[in-house]
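One structure is given below, represented as structure tokens, and several questions about it will come after.
Chain lettering (A, B, C and D) follows the sequence in which the chains are written, and residue indices restart at 1 in each chain.
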Amino acid sequence: MRRGFTLLALATALLLSFALYEALIAAPTEQTMGDVQRIFYYHVPSAWTAFVLFLINFVSSIVYLIRRNPKADILALVSAEVGVVFCTVVIVTGPIWARPVWGIWWAPGDIRLTTTLVLWLIYISYLILRRMSTGGRTPVIAAVVAIFGALDVPLVYFSIWFFRTQHPSPVIGGGGSLDPRMAHVLLINWAAFLCLAWLLSWVRCELEVATRRVDEAQALESLRESSR
Amino acid sequence: MNSMHYLYAAYIATWLIHGSYLTILVRKYARVRREMERLRK
Amino acid sequence: MIDAQSSSGIVVADGLIKQFGRFAALRGVTAQFAAGKLYVIVGDNGAGKTTFLRTVAGLAPQTHGKISVLGSSKIKNVRAQIGYMAHPSLLYDEMTGIENLSYFAGLYGLPLSRCREVMAAVKLDPDLERPIGQYSQGMRQRMSLARAILNDPKLLLLDEPFSNVDLRSAHEMVGLLAQMRDRGKTLFVVTHQPGLLESIADEFVWMEAGKITRRTPHLQVPQ
Amino acid sequence: MSFFAITRATLAKDIRLEWRSKDAINAMLFFGLLVVVIFSFAFDPTAEESRRIAGGLIWVAFLFAAVVALNQTWARELRNQVLDAYRVSPAAANPLFLAKALGNFIFVCVLEALMTPLFIAFYKLRALGPAWELAPIALLGTWALVINGTFFAAISLRTRSREIMLPLLLFPISIPALLGMVNATTAVLSGEESAWFWIALLLAYDVVFTTVSLLLFELVLEAE
């Protein structure tokens, strides 16, 4: 267990440094956007990683409702939280890219960025709900809300897609195939970020397990004290 | 070459976000560990 | 340990634990209760009496452990045969007694005549026009009992039925409970005034810190 | 007793309770009026501009007012813990949910019917597109707000500070529905585009979330 963790941490560190080198130095400079385009190597893999994590959240929420296995609940919580962290990266780096390229910080019609923002809002509200809900019912209602959130995503996507066709705004990345060299760097970065996500989730899982154990112990202790 | 600033800003922001999340996790973990020790007594 | 499946009690609990986040209300309740008896549950505040009742009623599913009620581990399936009276009235203050009862009777698929019958049984006038909010505490408590026995339940769970009730009403209610027991119903009564039930109780169940500690046939003042 | 009989009985009971206390409708109406008045100070547009922003204003006002009503729905069941009386009965969970959603739908529709003339008066609105399309937009849009609102209000019951929790849950999930309502209304008012894509989107939203709510409500009701 400990060994596995150390190994993963080392692999992640190596992979991330290699990916950083690839993104900043090895990858060819994009012709129209210049070096700013390199933000792409952090922005896009973060988005994909966040989507993967939200997918895990959705699946484990369903599994929890069927099996009532606390592990599924922990996985749902952890994937949502780490997903929000990666989603935050996407939302922060997005405008930093948009500003020099489009000349504006935010394009409300941009389908991917806006969908990600809505996704971010949904999962933040999910995390707040987990925090605010009382007693032993948190896992069930959280799982229910997670399912609502996940089902909302395609609707958000379509609504923004149609919104954009009515209110045209700059769109990039779509159309035109990616230079194979760039695609390669992109995939390496994605692999690195996936490892990082795994690592963060691992730490968060350990924390959650420990917290629950402490809570349980406290529950019994408080009862014993009250009976004195 | 002004665009380089944006590039660095984005990369630094990314690492700041991940770094602060990790710090929060480690801190919470330390607190839980202390609590565990206290309960064991 | 009692095997929850094979035994024949009306309520069989095996290692029940109920945890509300950082707070455990039940921590390992294992007990069997036979049909047709009147059990009085006694204990300090926070001993888990109400939670135990709610778990039996299917309102607060246990965190760990097993429970079987009326022979079924899925309490949902036997709800039609359970009556539950809580500490709060479980009634709509803005509606009259008969309006309240007829709504709940609808949930059980019972006719209006049953509501009038039950109100008469608890000695309330079914034609009273006042909304429940304007009832006296004793009347409200009797109304609440009427709602709980609406479906003529086999298993009746009562949480503090006598709180704030004048002595005469309380004795009338005790008489009604004794009648129900004699008709073969099983009753669980959580109360701070176990003395009221001493003459008719079959067993006193003592709870302490989320566990059943003793079961005695008579009420003895614990030292 | 059948599904629809319980739904009807619960709906009738809710309307009777609301009629006697008038808690929700009064608060909602006053709140709606306030929003219209405040908006009229905040935005003082010409007829042409107002056509463009009215869709957004109207629906945001309705959304805020609806939240007031939605918070009331289950509050009524919490007083004296009446909800427990429903939960110990053999009645299924869904009729209760459906009755609550229908009740809210009726309340919010009444509110909209009363507030719309105010909006028309304050903003001198006149539809340039086919005005009859506003009817399906309003009905589908209101149902979209109410179905999720009723569900999340039930979820908020299980939390601390539940009045805050409801909008926090409801608003992000409702974004596609809001986009649909606002853009459809604007399309009809300005007469520049067709509103049909948005109406279809609202319909899809309603179908998806009505189904999911009915599938999952029992879990929420039983959670404790």
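Here, a contact is a pair of C-beta atoms (placed from the backbone, for glycine too) under 8 Å apart; a residue touches a chain by one contact, two chains touch by 3 or more.
This one's a predicted model, so the numbers in the text were calculated from it and none came from an experiment.
Taking the mean of all protein C-alpha atoms as the reference point, the chain centroid lying nearest to it belongs to D. Separating the centre of chain B from that of chain D, both taken as means of CA atoms, is a distance of 41 Å. Between chain A and chain B the centroid-to-centroid distance comes to 15 Å (mean Cα coordinates, whole Å).
We define each chain's centre as the mean of its Cα atoms; on that basis chain B and chain C are separated by 52 Å.
Among the residues of chain A, those touching two or more other chains are numbered 134-136, 218. Looking at chain D, one finds that residues 224 touch two or more other chains. Across the whole structure, chains are in contact as follows: A-B, A-C, A-D, C-D. Against chain A, in their complex, chain B makes its touches with residues 2-4, 6-7, 9-11, 13-14, 17-18, 21-22, 25-26, 28-29, 32-33, 35-36, 39.
Residues 148, 151-152, 155, 158-161, 165, 168-169, 171-173, 175-177, 179-180, 183, 193, 197-198, 201, 204-205, 208-209, 212, 216, 219-220, 223-224 of chain D touch chain A in their complex. On the chain A side of its complex with chain C, the touching residues are 134-136, 138, 215-216, 218-220, 222-224, 226-227.
In the complex of the two chains, the chain D residues touching chain C come out as 1, 5-6, 9-10, 13, 16-17, 20-21, 76, 79-82, 84-91, 222, 224.
Every residue of chain A that touches chain B in the complex is listed here, in rising order: 20, 33-36, 38-39, 42-43, 46, 82, 85, 88-89, 92-93, 96-97, 99-100, 196, 200, 203-204, 206-207, 210-211, 213-214, 217-218, 221.
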